[in-house]
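Two complexes come next, and they have one chain in common, chain A, joined by chain B in the first and chain C in the second.
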Partner chain A sequence: MQLKTGIQRGVTLAVTALLGVQAGQNVLAEEKQWDFDSVLFTYMEGDSRVSDVSLRLEAVRSGETEEQLTLGLSVDALSGASPSGAIPTHTPQTVTTPSGNTNVYAAELPLNSFTDRRIAGQAAYLFPLGDQNRLNTGFTLSQEDDYRHAGVNASFSQDFFDRNTTISAGFGLSADSIDPVDGIPLALSNSDLGSTTTSAENKNVTDLLFGVTQILSPRSLVQLNYGYSSATGYLNDPYKIISQVNSNGVVQSNLYENRPDSRAGHNLYGAIKFDNQGDVTTFSYRYHSDDWDISSSTFDLRHRLSLGENGHYIEPHLRFYNQSAADFYRLQLPDSEAVPTHISADYRLAKFSAITLGFRYGIKGPWGNDWRINLEYYQQNPSDNTSDYIDQAGLDLNPGVSALIFSIGARF
Partner chain B sequence: MKYNILLLPVLLLLGGCASLNERISQTAADSVTAATETLTSVKPWQRGALAQPEMQFGYLSLDASIDDHIYFSKEATSGGRSFAGGGCGCN
Partner chain C sequence: MSYPDRKIQLRKHDGDWAAGFHAMASPCVALTSGVDKTQTRKIAKLITKEVWRIQDKYSRYDPQSTLSRINSRAGTPTRVDTETARLLDTAKQLYAASNRGFDITSGVLRKAWYFDGSDSLPEPAEVETLMHKVGWDKIQWQSPMLHLRSNMEIDFGGIGKEYAADAALERVRAQHQSPMLINLGGDICVSGPRQNQQPWLIGVENPGHPGTGNKVIELSSGALATSGTSHRFVRKNGMTYGHILDPRTGWPVVDAPLSVTVAAPTCSEAGMWATLAMLQGALAETFLRQESGRQHWVKR
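Presenting the complex of A and B:
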């Protein structure tokens, strides 16, 4: 459609300029096809905790061959507060934040306030090696006020049996740097004293991914993946602390957490898609297990229901997640007990389940573009959130997280 | 009829929409039929439905990457579907 071509030419030039690509006009001259996707989303946690406003852009160039270039850019503005790990008590307590500020809490969850910005970019290039195989390479970069990431990845895929079966194997390497504004805290030290060690620490992650995709019928296909991930280096959260309490549950001190300096885990992932005369059902399941003794199961179900020839559709979404606790996770630590080498009260390492309910509505625009809006509600339900201590009676020691996610997306 | 069980939450989500419920019931039956078709080689000319964008596992990859990033930030485990799109010191 002429109008779509005009829009694509304009967006091509704008996005390639934004992404620093000089090939916009050449691309058009070579009659390559550019497709663009964009999403603006907001993430808001309950109780005025974390909020995020984010813009994501993706540009894909493809031609008559399988060759394909994908460029991505995302920008996030984060603010709010997240649980510090300190335990709530009825007795008013003073908690020192990593930046040295002190806050007094009584019968409420101690929080760390923050603001942060994140910008991330990625590029991927798909090379057809032959009629039945291809190589996909990519790199990722991201920058936050206190965190940097750089990664590369590559995967090879091979078709078999008249392209009814595709197997793939790949790896990813990343090198991250953690650089808190006030330095890296000394692990297991008293947070009130504010001891720091080096100004920055590093983390390296290696991922391996093996997969097979199989066409089951003219209307269904299945994907199975096995993934191995190994992380080494600084795996602590430099902002998380854990409370030492007396026999009544009154906080005596707060210590910076300390996690193992390595983690290796396995993922088994399976997904299946069915087409039912234009309606598409997608179900996936993931099982995870690692040497922090965390195991998890994730069930995800989507059903895209077409509402007619004009491209309208609705897509309800249901996700259920369940994880066990890390073997070094503790809600709090009695001061009569020796401090273990590895300990964390980060709520994300606790045992909990979570549910996501979502709903997407999509519509085709008048010029060949399409739009979608998405609304999701996420709720965590921790298993361990009470204690027998007198000073903590009736308090919710780990309320978990609830969040509302709204996004609007457009493809051209 | 385990696929009907899988579709039950969708039915509940759309409860109250009589015409949709009727259609989803048909959808559930079609899903079972599709899943039980003989696993034989599907020829290129039989792949009209499979060629649709929404039948690709990478469909709406931007939305999927957003979901992955949120869950990576709030849960202890991640990955499985693909490589991570970038690390973060998530709050």
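Presenting the complex of A and C:
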């Protein structure tokens, strides 16, 4: 039996004086070791294009001090069709691509049908180094039918001024490999001829991140991040093609796209958060600029509104996005023009703006478990989607994409 | 006096019932497990009756309270009731165990310190003057007779809330055997595990960074109490002065943790360890580890 210290004896006497002798009382308290978060996520594009059903699980183990282990797993089932890059036409045509069917109907946007499964895992470990600093390390792995990814990352954070200021610096490295079922197509070759090579291609990405978080008051904070990202290797989308058209705008052939084999870009991110007695407003702005000539701005506003003591809340969400086109982006290519080295008709590289409207409803219990339902609508609005070719009159060459995103999540 | 804010609000909570109420300047809740709304209301009525009774009896604001009448008789010997005598015996033991750090006469220091986030520090002379009114050793206490020096006053702010939680649980347990939890502004005690033998899950907030780094404690029996500097501070010349005052100096404890949470068989004991640890400042963790023999969680 452990002997009581003098102070222990004093506290025991004080408790006895207050409450009398407490017979048979004991304490059974344990720190909860694991926290789990699970989300069922669905993403559905309009016009029955891409749909994604995803299940995501995350487990966080908190240690005695501040160390923390995070494990994540997600499984996705993707299916549907995405624009191939070929333009719609009034004349029916048939095209095949390495990924399987390309369905082309008169006056409709040519789409590539596909199905894919994705499984991804991640692990992260947070070490407290000293009282005011910590190291976060992690790795990520994912596997799709035609894509593999492996990455490592690490970041260091240091607190200053009573922990009111935190500065962090980190890096990420990833090595990906692209291996389409029917091989890698030969860039800029005629897609109708189906010329492919069989070997897989690789892509490497390096990210650097620097950030500052400043607590302004007990109820507000600002965050500023700068990121540099550099990708090298095979950056094409092996399923994307571009149409060559004659002087009337009739498709003559479709060529596989070709992008530069490197891309480097800068990101600047600023966010400000206000907590007004449980009603939290978050505004953020992100600026991106890269050597493909794409620059983009993202404005994001969320406001969490508490609904009474039981922890119910609603959170409307508004996001506005705007990007310029890549310098090698073309809607289509006149056949009178020499084929440039780099060219793509991928709608994601076009000039467009997009708006997201979202709504979250959450229920939070004092046990620390919380449930949330999220519904978002995304609408992309491309800037250039018409041409003055006779044969393309009345066609929408890039209708953009709209999507409905629904998720239900629980933390326990 | 009438109390328009003395309401009990029942709400469904995780398939069980929660009764919210306000007491001792804090949001409070009583949780039941495996019983219906009517039973929960009965349990909550018993709990609040006891908590509000203790609050009224030892209120510093109500001139008619037992505490106010004791303080108004400073300078003359006063006979106190049994419950007050137990509180005073407790205060005496804690004063000794804490090497004079826990002192129920130190409330007057609040007249000099305003922890409003500003940079207004009191004049050292002002603190010095008030210190003449601080010190349990200046009091004559021989149960049931209390003799306060004139101008001195006492309050039970340091143990009142935890004592009320224990007392309320004791009272309601005599009549109801169903599982329950009492939370008086973060001072928590439970009657045992929940209906399905599962522990009660209690979140510990990270005071400096609300909503981040929260730990969850699974409590099956006993109690938890938390002492913290929360957001109450004064800042001057790069120094932050937290609101835990050291009665021995009249100044805030240097390098006090943001919060200390302790698990113990009773809420009163948990609260005593949490308060005593706070007074240790930078040595809070060492103190708890070497002296308390209780599980604890310290946030800095």
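Keep in mind that, in the parts below, the second predicted complex is superposed on the first by the 368 of 412 C-alpha atoms of A that agree within 3 Å, B and C clash if a C-alpha of one lies under 4 Å from a C-alpha of the other, contacts with A are read in each partner's own complex, and residues count from 1 in each chain.
The working rule: contacts are C-beta pairs under 8 Å (C-beta built on N, C-alpha and C of every residue); 3 or more make two chains touch, one makes a residue touch a chain.
Keep in mind that what you see is a predicted model, and the values were worked out from it rather than measured.
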Touched partner set for A:D275, first chain B, second chain C, both or neither: both
Partner chain in contact with A:P218 - chain B first, chain C second, else both or neither: both
Contacts of A:D162 with chain B and chain C, given as first, second, both or neither: both
Touching partner for A:K32 - first (chain B), second (chain C), both, neither: second
Which superposed partner A:F127 touches (first chain B, second chain C, both, neither): neither
Contacts of A:F210 with chain B and chain C, given as first, second, both or neither: neither
Partner chain in contact with A:F359 - chain B first, chain C second, else both or neither: first
More chain A residues in contact [chain B versus chain C]: B
Touching partner for A:R56 - first (chain B), second (chain C), both, neither: first
Common interface positions of chain A, toward chain B and toward chain C: 162-163, 215, 217-218, 275
List of chain A residues in touch with chain C within their complex: 2, 4-11, 13-15, 17-19, 22, 25-32, 35, 62, 66, 131, 162-163, 215, 217-218, 275, 309-310, 365-369
Touching residues on chain B, where the partner in the complex is chain A: 6-7, 9-10, 13-14, 20, 23-24, 26-27, 30-31, 34-35, 37-39, 41-44, 46-50, 52, 54-55, 57, 60-63, 65-66, 70-71, 74-77, 79-89, 91
In the complex, chain C residues that touch chain A: 9, 11, 13-14, 18, 20, 27, 29, 31, 86-87, 89-90, 92-94, 96-98, 117, 159, 163, 166-167, 170, 183, 199-203, 208-210, 213-224, 231, 240, 263-266, 268-269, 272-273, 276, 290-295, 297, 300
Of all residues in chain A, those that touch chain B in their complex: 37-39, 41, 43, 50, 54, 56, 58, 72, 78, 80, 82, 112, 114, 116, 118, 120, 122, 138, 140-142, 144, 146-147, 149, 151, 153, 155, 161-164, 170, 172, 174, 176, 178, 203, 205, 207, 209, 213, 215-221, 223, 225, 227, 229, 237, 239, 265, 267-269, 271-277, 279-281, 283-284, 286, 288, 290, 292, 294, 296, 298, 301, 303-305, 316, 318, 321, 323, 326, 348-349, 354, 357, 359, 372, 374, 378, 380, 401, 403, 405, 407, 409
